[in-house]
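Listed below are the structures to be examined.
Both complexes below contain subunit A, partnered by subunit B and then by subunit C.
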Partner chain A sequence: MISPDTAAIVIDALLFTFLVITALAIVQLRHLFAVVMLAGVFSLLSAGLFVSLDAVDVAFTEAAVGAGISTVLMLGTMALTAREEKKSPHPIFLPLLVCLVTGAALIYGTLDMPPFGSPDAPVQTHVAPDYIARTPVETGVPNIVTAVLASYRGYDTLGETTVIFTAVIAVLMLLGWDTKNRSLARNARRREEDREKGDEA
Partner chain B sequence: MSHHTILRVVAKFLIPPIILYALYVQWHGDYGPGGGFQAGVIFAVAFILYALVFGLDALVRVFPTAVIRILFSLGVLIYAGTGFVAMFFGKNFLDYSYLGHDPVHAQEWGILLVEFGVGLTVATVMIAIFIAFASRIPSISDEEW
Partner chain C sequence: MFFAILLALMVTMLLVIIRLFAGPTLYDRVLATNSFGTLTVLLIGLLGFLTERPEFLDIAMLYALINFVSTIAILKFFRYRDISRGLVQAPEEEQRNA
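This part shows the complex of A and B:
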């Protein structure tokens, strides 16, 4: 029999392997439709990892926003631009060096962090027990994540909502919604109707 | 996509459960995973699916852009308003305790209200951004796919 711990490690390893393969494929591919789809796959795999970390709220958001809406919006953007990525005229050495140095710095930074899942980590000894103790008494909400998000950190969530609001204002200022005067779409439809009439005749 | 019968029938079957699930995620966020952000996105997906299958003009007939514009502002207003009203009761900004006689119960009401504001804004913003992008794209003929 496989113990649950071993199973969890195998699942994590598989998810991480697929994550790396997807990332490499995204870097390699020039066909943007495939890249958008793989970005969705990447989000879904991350959502799987969040579930395995017991962070279901984050996983839910990642699956809905990252794999769902973002893919649709990216496809919409792609339809406005090109289907193929242009080859960059610059050599890749400088960007590669920047990536390697940044990556190395980040990995070096993790060496000082407490081991993964350690009960002595500052996050487990400082605010988390406080929230766990106070939430049932002060709010009566069973999901502590919701209580932190909407009540204890209500100010941050108001900020996030305002960010989304600002984003739509920016998009509408840049693109607008041309639902009445869709000349391109109308012409395409007219062509189609003409063709159908031609077929009938 | 006027002749894609399977897509149209499946979409019609899927849209009501998607909306129902969004409402479940919205109002059940206190007890399980989820809340305004996720519910808003799922709610928007139902309308985006409708637009993808039945065309953008059909979506705009169901959900006029003027209504969307009012609703995404209203969501932020509900959230910030819940906070400001607290100040009229002599409380701190976003202190929900004025919403009920018992402070614990008031917290639940406050969370429900602000999550509703978040859900409303997220749902309508996602639909709005989709319309903004999609209304610039000429409808793609079937041969191009």
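This part shows the complex of A and C:
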């Protein structure tokens, strides 16, 4: 019988391996539909990792946005553009070098970090105890993250929501979302047909 | 016990990823993605019981719901190239869209 800790490490290691395999497959494949599906799997794998790191809410957002909404959005983009990825004319060595150097720098940056979940980490000793003590008394919200987002940083969250709302409206106006005929693909096809007719005339 | 489940789960995940990579048809890939979602549900349930927090099952159930909805969305997209369209349509609308 193995201990839960060992099992968790084994799960993490295997999930990371699958993550790397999926990423390599995404880079390798030219068939964009498969790439979109693999991106969904990548997102589900990250969600599994987040769950095993105890960040259940982050995992849920990752699964809903990464595997749900973005898959559909990317399929929508594919319907408007191409189904095969074109081969890049540039050599790969420079980007590969940049990636390797950045990755090495990031790993180097983690070396003097406190161990995962350590109670002495600065994040646990700086303002967190203060919030843990004040939140139940001041706001009455049982979840501290929710209390910080919706109460202590209420105006900030309102501003963020306004920015996202404005961005969505702007994108929808650019794409021509009319209320009678709610299909972006159909609108695009119609525009293309109109253009062809214009060319003939 | 947990080790056997873990091993089975990971082997299945790998097989599904291979199927996703190899294809060959579109529906193999849709089915593989759907199976992978189910495997994630199982993984979260397993993690919950492994760390003795069976309430993870609720989260796993939410994942099952998301997985179902996104599979329907993908399939709908390939049938109609459109997500906002209803699956059942009034006859005159169907004629117009044909």
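Just so it is clear, the second predicted complex is superposed on the first by the 172 of 201 C-alpha atoms of A that agree within 3 Å, B and C clash if a C-alpha of one lies under 4 Å from a C-alpha of the other, contacts with A are read in each partner's own complex, and residues count from 1 in each chain.
Definition applied: a contact is a pair of C-beta atoms (placed from the backbone, for glycine too) under 8 Å apart; a residue touches a chain by one contact, two chains touch by 3 or more.
Since we're looking at a predicted model, the values are computed, not measured.
Touch criterion not met for A:L111: it reaches neither subunit B nor subunit C.
With both structures placed on the common chain, the touch criterion links A:G40 to subunit C but leaves subunit B unconnected. With both structures placed on the common chain, the touch criterion links A:I92 to neither subunit B nor subunit C. Comparing subunit B with subunit C, the partner in contact with more residues of subunit A is B.
By the touch criterion stated above, A:F60 is placed in contact with subunit B and with subunit C alike.
Within the superposed three-chain model, A:G48 lies in touch with subunit C and out of touch with subunit B [touch as defined at top]. Contact with both subunit B and subunit C is seen for A:G68 once the two complexes are overlaid on the shared chain.
When the two complexes are overlaid on their common chain A, residue A:T77 makes contact with subunit B while staying clear of subunit C.
After overlaying the two complexes on the shared chain, residue contacts for A:A147 are found with subunit B alone; subunit C is out of touch. Once chain A of one complex is fitted onto chain A of the other, the partner contacts of A:I21 are limited to subunit C, with no touch recorded for subunit B.
Put simply, subunit A uses residues 56, 59-60, 64, 68, 72, 76, 79, 182, 185 to touch subunit B in one complex and subunit C in the other. On subunit C, the positions that touch subunit A within their shared complex are 1-3, 6, 10, 13-14, 16-17, 20-21, 23, 26, 29-30, 32-33, 36-37, 40, 43-44, 47, 50-52, 56, 59, 62-63, 66-67, 69-70, 73-74, 77, 81-85. Interface residues of subunit B facing subunit A in the complex, by the touch rule stated above, are 25, 29-38, 41-42, 44-45, 48, 56-57, 60, 65, 72-73, 75-76, 79-80, 83, 93-94, 96, 103-105, 107-108, 110-111, 114-115, 117-118, 121-122, 125-126, 128-141.
Across the complex, subunit A meets subunit B through its residues 56-57, 59-61, 64-65, 68-69, 72-73, 76-77, 79-80, 137-143, 145-147, 149-151, 154-155, 157-158, 160-162, 164-165, 167-168, 171-172, 175-179, 182, 184-185, 187-189, 192. Put simply, subunit A touches subunit C in their complex at residues 1-2, 4, 7-8, 10-11, 14, 18, 21-22, 25, 29, 31, 33-34, 37-38, 40-41, 44-45, 47-48, 51-52, 56, 59-60, 63-64, 67-68, 71-72, 75-76, 79, 182-183, 185-186.
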